[in-house]
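A, B and C label the chains in the order they appear, each numbered from 1.
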Amino acid sequence: MNHFFDVDDIGSVELALARARSIKAHPRKGYTEGDRTSIGLLFFNPSLRTRLSSQRAAQNLRMDVVVIDVGSESWKLEFSDGTIMNGASAEHIKEAAGVMGAYFDFLAIRAFASLEDRDLDYAEPVLTAFMKYAGVPIINMESSTGHPLQAFADLITINEFKKTERPKVVLSWAPHPRALPHAVANSFAQWMNRASVDLIITHPEGYELDPKFVGSAQVQTNQSLAFEGADFIYAKNWSSYQDYGQVLYQDSSWMINQEKMELTNQAYFMHCLPVRRNMIVSDQVIDSPNSLVIQQAANRVISMQTVLSMLLEQKSSE
Amino acid sequence: MNHFFDVDDIGSVELALARARSIKAHPRKGYTEGDRTSIGLLFFNPSLRTRLSSQRAAQNLRMDVVVIDVGSESWKLEFSDGTIMNGASAEHIKEAAGVMGAYFDFLAIRAFASLEDRDLDYAEPVLTAFMKYAGVPIINMESSTGHPLQAFADLITINEFKKTERPKVVLSWAPHPRALPHAVANSFAQWMNRASVDLIITHPEGYELDPKFVGSAQVQTNQSLAFEGADFIYAKNWSSYQDYGQVLYQDSSWMINQEKMELTNQAYFMHCLPVRRNMIVSDQVIDSPNSLVIQQAANRVISMQTVLSMLLEQKSSE
Amino acid sequence: MNHFFDVDDIGSVELALARARSIKAHPRKGYTEGDRTSIGLLFFNPSLRTRLSSQRAAQNLRMDVVVIDVGSESWKLEFSDGTIMNGASAEHIKEAAGVMGAYFDFLAIRAFASLEDRDLDYAEPVLTAFMKYAGVPIINMESSTGHPLQAFADLITINEFKKTERPKVVLSWAPHPRALPHAVANSFAQWMNRASVDLIITHPEGYELDPKFVGSAQVQTNQSLAFEGADFIYAKNWSSYQDYGQVLYQDSSWMINQEKMELTNQAYFMHCLPVRRNMIVSDQVIDSPNSLVIQQAANRVISMQTVLSMLLEQKSSE
């Protein structure tokens, strides 16, 4: 892969899973291929899990890692050509990306959706510009439309816990007080479409995701029907795609609780965290032995380390 | 020790001091037992000395170290069970601690007292929750009630400079414009109670510390009497414990000056820094050859490195 | 050199350039002399290039590196002797510098000019105090009056691209919406004065630099005349030195454009970045193959690594 932007860059999902298993068995032994290579982790938005797991993955590979917090406010980048830069933007993306590409062998970038302009967000201006101007492989640490390192970690987790060859996986919308991006839901759907699972997406009307990501998943607006016989329940809130960035519905009837989990095939509960308890999911469900939220988070190190090891292999064969 | 929360976790203070001496002799040679292990340094409050010395200690041991600045404002954690998290708190301590414990072999945490609610502060909600939910050893980098890495560094310093087998050590309250926590004073008293020293605590009336930390120390409200024959003067401000978090007294008559130092047995002057000159201590005293403030700060690397080497030893014997 | 404050500390510029060439040839092979040494990078002001390139240089040498962001606001230091510190300053420079010197083998510091008080800025209070009190070598990562790591990187770049033994180098003032310090212009002039180049400085009247830095450079207020036959055009804005810190002139007629570049000897275009496009320089010029801005930024790793390797050599021979 040239970059790790989305699932299309990983090649065979099954081979990537096999590699992840092997890394997880010995995450810090024998994997020193990153020695004397460097990665910059560039955050335009806050991060906890991604920031920590990405550093840990790079350290496990003995890469030199530098974290760069720019904030979406503190370092205004200019993306347009021809602008007279006499305003707030102090640097053009061409120089910003070019310089960072000169300092690092790899750049990983987080840049959230604005949730204001759908066309702009879905054009992925930040990641696209870095891929164009940095001259080094770019890794998506959550962009406007996708969070593939999360989805890969989720798939690793499902693979570890599945009891049938082809589990039934339900991605369920759940209520949240604030408007959230689509990135996690999009990528989860996209990766599940490539994996050996049956994917059902359930949400209230008005919360349809971009069909490009939904793929061949079954969509169901009756949550109870969707849950029947499920092996994994993946909860996530997202704002509307049609009525872009809006919160249409906050009814707690969509919260994941024990009653609903009993409709399933003793399903595992999943969420990418951070999670608002008793909004998204009841304490009873997330505190149960079937909750995999910590395991998912732990696998964020493994998904990043797997991607980095693939990029390092590609680099050393250049 | 399972955790390093306070002096009770260190075992024999004399053995710990011996280990510290040995580490200080060769802080960067032969101590590579931390290679391929990781530590997260989690700061809910600002830090300079603790932040730097903890990183240096971990680097000396070749540990992979990640600094995590959360601030008490930016990442509101929920500590109560059963709450419907529809407000400011975006994550529950159960997940926050569980995830970080999944990423690191050790977690070191700084979380100051609020100085608003004594019962809450003295229950140590943050450190206690991490000890309960993280699943890895927790190291106290200054909590509501204690700062054991500072106290250990102070004891190392006293041990290096003492001229008699059992020196007379005076912990003296001194004036400061703002309300400060009790953590440094509490831990200093607690560690001195375990060491081969005679401890006298002197402060204006109303500044009595929690008896649990005072232990068998002699308490004296006449500063001049306390200073007579002292070998070490340890200055520190703290707010009231009884009238919790209040500044009762700012009279500069409690400042440590040369006149008072002349009552002592040519005592060394100590302070944990940062120090406000000519409030806590006169220039003349802190600039004198008997001032140990830089040596104390330097020994913060040694106290942390000693604690980490003990935790690493414990881990490798598991 | 005891410190790396300005060009006077580097010794022979030609020898430094030779060392830089050798490092650039193999920046990460065989240069492990920094192993088990440490450097603190202390930022009183924001930084992107300096922050990243300094970390990369130290990592290439296998030094343990710690970044310390203090901000000019968050950690008020007291510089005066005898002050009663009952106000905003929480720590005196004597302790701050002494402690950091105790933690690191080297300290690199960024502290910008205030642009309010020329005498104060040109006395370099922050760097001077650290050199006095830290007890370890201090490296200038841009001070009030100089930015020698940038100038050294610029000289490395000129050396790589020059087509004649003694190229004609023009430092040209260019317009900018905000008041900027003199550090980059001062150091560029100072280093060029030591190098095998003919230096011309061109700026509107009122923008004369401190003669101490101008040295034997030719000064020319007619930009077009200055550009004739130039091999390198180095653009930079600075505020007035005489009318200290003021923006006297913003006329876009001083912008570097293609028309002006055609007066030169097919000159290369240089700028230290970040650059405001179509204020300082037109898109056409900075996007042309003759633009060296990314190469200059890349050489910031090399200039820092060269300085560090000289300091490490000095340290190991002590």
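Convention: a contact is a pair of C-beta atoms (placed from the backbone, for glycine too) under 8 Å apart; a residue touches a chain by one contact, two chains touch by 3 or more.
All of these numbers come straight from a predicted model, not from anything done at the bench.
Chain-to-chain contact here is organised exhaustively, every possible pair of chains being in touch. The pairing of chain B with chain C is characterised as different-residue: of all residue numbers used at this interface, under half are used by both copies. If each chain is reduced to the centroid of its CA atoms, chain B and chain C end up 39 Å from each other. The set of chain A residues that touch two or more partner chains is empty. The touching residues of chain C, counted against chain A in their complex, run 28-29, 46, 48-49, 51-53, 55-56, 59-60, 177, 273-279, 283, 286-287, 293-294, 297-298, 301.
Residue ranges of chain B in contact with chain A, taken from their complex: 36, 38, 40, 64, 66, 68, 70, 74-75, 78, 81-87, 89-92, 94-96, 98-100, 102-104.
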